[in-house]
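Each structure below appears as structure tokens.
Shared between the two complexes below is subunit A, which pairs with subunit B and subunit C, respectively.
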Partner chain A sequence: MVKSSFLSRLSRADWFGPLLAVLITVAIIRTFSPNFLSAFNIQTLLLAIAVNVLIAFSQMIIIAIGQMNLSVGAIGGLSAIAFAGMIEVWGVPAPYAAIAALLAGVACGVLNGVLISVTGISAFVITLATLSIYKGINLGITHAQPFYGVPESVKALGTAALIGPVPMLILPTLIAAAALWFLLARLPAGRFILAVGGNEHAASLSGISVRKVVILAHAISGLLAACAGILLVARLQIGQPSIGDDWLILSFAAPVIGGAVLAGGHVSVAATSLGVVIVALITQALVLFSIDPFLVQVVLGSLILAAVGINRLRQVRLASGRA
Partner chain B sequence: MPRSRVFASNEFGLILLIAVFTVVFGLTTKGFLSPFNLFTLGRSAAVNIMIGLSMMAVIVTGGLNLAVGAIGVCAAMLCGYAIEGLQLHWSVSLICAVALGAGLGFINGFAVVRTGLHSFIITLATMSIFFGTMIFLTRAEAYRNLPAGFGSFGKMKILSYVSPLLIVTLAVALALAWLYRRSVLGREMLAAGARPEAAELSGIRVGQVTVLCHMLSGALAAIAALMLVARNGAAIPSMAGQLGQDWLLPAFLGPVLGGALLNGGKAPVLGTCLGAALVTLLTGGLLLLQLGEFWVQTFLGLLLLIAVFMDKARRSYLAYRNLL
Partner chain C sequence: MNISPIFEARGIEKVFPGVRALDGVSLSLLPGSIHALLGENGAGKSTLIKVITGVHRPTAGQLLLGGEEIHLSSTHDAIAKGIGVVHQERNLIPRFSVAENIHLEQLGGHALQPINYAELNRKARRWLEELQFDVDPATPVYELSVAKMQLVEIAKALSLQSRVLLLDEPTASLTSGETDTLFTILRRLRDNGVSLVFVSHKLEEVQEICDRVTVLRDGVNACESQPTAGLSRQDLVRLMIGRGENGGSWRKRDVAANPVALELRNVATAIGHRGIDLSVRKGEILGLYGLVGAGRTELAKAIMGRIAVTGGEVLVEGQQVRITSVADAIHRHGLGYVSEDRKTEGLVLPHSVLANAGIVIWRKLAGFLGDLSDAAVQRSVVPYLEQLEVKTPSLAQIVGNLSGGNQQKISVAKWLAAGVKVLIVDEPSVGIDIKTKAYLHDLLRDLANQGTAVVVITSDMPEMVALADRIVVMNDYRVQGEVENTGVYDTMSYAIMSLIHREEEVRAVEPA
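For the complex of A and B:
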């Protein structure tokens, strides 16, 4: 009796479904390909996950307030080339360049938030416009040529290991995950973010400054995107202007697989991270079984559709269960 | 329509802007008004207008179609395959391509209506699926051995200024204007977009109409892509960028500049045409001014921002006037 209620509570948690999916996927891949859990493979997986989790968080925090941010990739790319460019062209030491690039990301996010909350125009249109503006600035600065002058210290960071196969780059991601969880679960600001996403009108009536919350969420989104961009520079060892071009689908796929409600007010840090893990595992499996890499896009799209379908079913089930 | 309404309309504002920028570019750059440049501009405008109309067909329902680029490229590649691989006649191939566009649009519309989810997330997923499948099937190879008629149609000049592509676009735009103004189906589309509940109560099958809007959008995207094929003389998988994302900005610029409401219920065909024409004119002019081709994208983003701000201001002005 007690056990079944515990299980049903567990199965209702956001992270339960994705965790189950991760375990099953790992088990399946492991049986067909014994090399899967080799140290090298785990390291490659974790490297991809470290960056992609940040990208997913960057979108997740905006989904939490019931909006969308198309400019995640553009902010990440602009921060990445700002980081590499400041080091190469102005000779700024890497730590300062990183801080400045993070600030640039925050500034881009704040601009999004201010434009959206002041004008009341849909976030979709505003971030489509700023996507083009940020990407244009990126191309205007770089002329689509990469910055090659990334210093050895940064390159070393990109290949360094924390313990065994666990790469150093996962550290910022872990910190971001913990901070985001703490923010959303424990801090008033995080509760405000979820409240605005759940019901903006009710939130504003209960004394929350919706405008400030929207700007805050976009600032956090910009910060996370910038962080992902900088980590990618360390991983790729060059400041590629094309960083961020392919983030859009992934940034929505992971939170949606993790059960985020696109209408806002309901997101989960753990489930979103697991969503990224699922995507990474499946991508990796396609490579291991030498299935066509071109099919990755099809799989990603199908995953999104399957996830929204399942979420939809679960909502209907919960609603009928309550009634 | 009273005269003041005409001056306050979006279309009038756009015509004014087009006239002003034509004069500015004509005076400041060399060769802007040369027959060759006007011909190229008209040809680009033809494609951009078609992309904008394709997005507008879905914006009417209050939804979006992120997959316009992906659908377009899929249709273009099918056309290439039908001509080169299956040795079909070019006219049959064109019809197949447009039918594929409508079919992919049907998948979008069906998924949106059946799941009740917002078209944003559905078309985000299908854009990835369509494009991925296309790349998988074509191995990312272009079809370059199209019949010579294709390329010469793209290069043909009528009266040394006008591209036949522009005439195709104008014909489609006229047909759409007739659809939304005169036909029952078009009125139903507008009603379903403006107030789905009210439309449902007055006997319109909102679900069916929404699916039809998505099919129309897919077919128009296919036509836009076929026009690009004629212009390039080849069907290239990367002609709309990764996942067809390069079409997104022009697709939204046209309707938003033209005064479409993103929550549906308005279909400004003329406005969309003028908006897309203005964007093409500005892009062409900026390239001729040689401010650096890499900054053009920034400028287009700023233009979209300014357009929505002006639209916002116009609407609050109108609301204020109505209150009086």
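For the complex of A and C:
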């Protein structure tokens, strides 16, 4: 067997490409806009990244089992208004409201997972349906009106700094990232998730309960989406019912840019996070250069295409390297 | 013999909606023995294996392990009781390491207890060493060859302390060298007291390593757990198909006067073939033998325009040609390729028989506006489907529901309908039972007799000797040499193996 050199091993790592892209993007933007790395700009960037990484993780864990979850945004939105609503209408203390909202997210995820694994209907169809249901419940509760009664403690969390320009909101994201990495790389439960995505038949013949694994993955997805929703309430300072409406494309874009295999079995926490960073940088750059914000959508779409193309090239190279 | 069986199946019945797959089948396994399970496709072997390994629950009958009745409600149950299985299809997680695949079942008693990979690798190494299989347990399995993946699966079954180990066609994708290695391992396991069940279509192998045999036919026992000593190959065939085998169907065919249909001169390809010279005449059956990985399938794909030819000349009927796409190969030059992997490359399983058989001629039959009538397609393909005796309830039947043999016939029929001049057939009889295999051989011979040049790629030496007029031996993306087939198995296999062997001697002398 040929021992691959350090550099070629590095170039095969999922995070290597995105990291390179991040550094290059920063360097380019920096030349054109010297104040890009100002404390304020970094803070704005990190605030966006903190929430978006959670959104991306929420989809990534479903991609890991080879499915998709169209309802991530609806779950996030429902949890967000549940959080704000419980505080405003029932006077529940914020920490308890947060826990209850997270549990609501888990419940939504579990419902997705149970429906998918019991009926055997594709995740696409089930989550398309539950997307509509969760969003409908959201609008039924709020009548599309925001909850404004977000307490000062929560608002303060949304603006507090951890150190220097690094916002407090990034803390839950860092914890989630570390926990997800540990789960997927070290814990049997996480390996089972990847095993089911890699070869469902083999996993089930190895005595892994595919049903439990699917439900677990969807529960985690719901938890992460709910967490993103709650953080957004803190950041926006209101319980906005439209939270989650624009999550879907990003949720797929970041894992794909991070080299996730959509058929399942292979995702990377680090590379997915870098995928979010790339999207945030480019969005920010377009704002800085006062380019039409509608172009952001076009750029995001092009990014997905480019990422898929690059992954495909890498696969072809891997395969021919073996022949 | 007074040894009591370690495992018994008694009067197993299994009824699926509309089908009685097993109708009172029995089997008893002794410790330290290799037990052959034979039967044609559809005889019930797979169903029986699934019952024994806990995938299906029997409708009636008993399973006894060590004399006590057991009830298996899941594969997990069977594993826990020491019944392991190596399935025909690969059942590994490609991105996971060798060690992790081996220990997937026991990754940790607790789903939330961290995995100790160093410990996992150490444990895995023990089983790999037992198989004398030299691989780093941290290697991801997608980097391994098919044969090595199979060894990983056996290591996996061993790690479960299996007392009963079922191997479903373990040699189907192995070369004869790899098969020998596997057999050495199986014998060692047997000597250690493991009870092995060996499923194979290759009777030579069964006679070589099995000491007892159970034959199924149409869901019942044609024979139950008999010693193989004293059973000849003919006896086994008779048990399997209820009649004798048409032996010695090979006969000398003189094609030396025919024009050359396809010729390669000093061809090189983008993926490493060098100096490939070969030719096949009209009406000739050329065998392309080599070990798996010798580059035969890849050469076929290069001829068909799937892989770039980077040097040398390709001549079709004496004319030098440049084939850049499969469409070109089929429509302009009359070349056809029956893939070894009919399920993913040869057929569109969810489509009908008619759609599959007609797919290559749609372009030819399409009208002025690209319209296509079923009637036109039917007129073109039905004669071939009939000639090949494809058994299907209707042309609208979904191909995925037909047996392996019938699927193979359809993948041949579609090329006949396309009227190809040169047909390359890759591993024609993988997963096909003896009766269908014999038909298929007759068919390829008929085709050749009608003037088609046939190139057969196979790793099955008896098949090669039964079929080919001339055999080209490949190794390591090069042609090693060529032998005229005499139809005598022993001398032919010796000649072929020494051609492959010669390479290794040469290589040993060459500086690395």
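The definition used in the following text is that the second predicted complex is superposed on the first by the 319 of 323 C-alpha atoms of A that agree within 3 Å, B and C clash if a C-alpha of one lies under 4 Å from a C-alpha of the other, contacts with A are read in each partner's own complex, and residues count from 1 in each chain.
One rule holds in what follows: a residue touches a chain if its C-beta (ideal position, glycine included) is under 8 Å from a C-beta of that chain, and two chains touch if they have at least 3 such contacts.
Since the model is a prediction, treat every value here as computed from it, not as a measurement.
K.L.:
After lining up the shared chain so the two structures overlap, which partner does A:208 touch, if you call subunit B first and subunit C second: first, second, both or neither?
P.N.:
Once the two structures are laid over each other on A, A:208 reaches subunit C alone.
K.L.:
Per the contact definition in the header, classify A:122: touching subunit B only (first), subunit C only (second), both, or neither.
P.N.:
It touches subunit B, and subunit C stays clear.
K.L.:
Taking the superposition on A as described, I'd like to know which of subunit B and subunit C A:40 touches: first, second, both or neither.
P.N.:
neither
K.L.:
By the touch definition at the top of the document, which applies to A:248: first (subunit B), second (subunit C), both, or neither?
P.N.:
After superposing on A, A:248 lies in contact with subunit B but is clear of subunit C.
K.L.:
With both structures fitted on chain A, tell me whether subunit B or subunit C touches more of subunit A's residues.
P.N.:
Partner with more touched residues of subunit A: B.
K.L.:
Between subunit B (first) and subunit C (second), which does A:188 come into contact with in this model arrangement: first, second, both, or neither?
P.N.:
second
K.L.:
Which holds for A:198: it touches subunit B only (first), subunit C only (second), both, or neither?
P.N.:
second
K.L.:
Under the definition above, what is the set of subunit B residues touching subunit A in their complex?
P.N.:
64, 111, 115-118, 120-122, 124-133, 135-136, 139-140, 242-243, 245, 248-249, 252, 256, 262, 292, 294-302, 304-305, 308-309, 312
K.L.:
Which of the residues in subunit C end up touching subunit A in this complex?
P.N.:
Against subunit A, the touching part of subunit C is residues 55, 74-76, 79, 85, 87, 89-96, 100, 104-105, 107-108, 110-115, 143, 271-272, 298.
K.L.:
Report the residues of subunit A in contact with subunit B in the complex, numbered from low to high.
P.N.:
For this pair, the touching residues of subunit A are 68, 115, 119-122, 124-126, 128-137, 139-140, 143-144, 245-246, 248-249, 252, 256, 262, 292, 294-302, 304-305, 308-309, 312.
K.L.:
Enumerate the contact residues on subunit A facing subunit C in the complex.
P.N.:
On the subunit A side, the touching residues are 1, 182, 186-189, 191-192, 194-195, 198-199, 201-208, 265-266, 320, 322-323.
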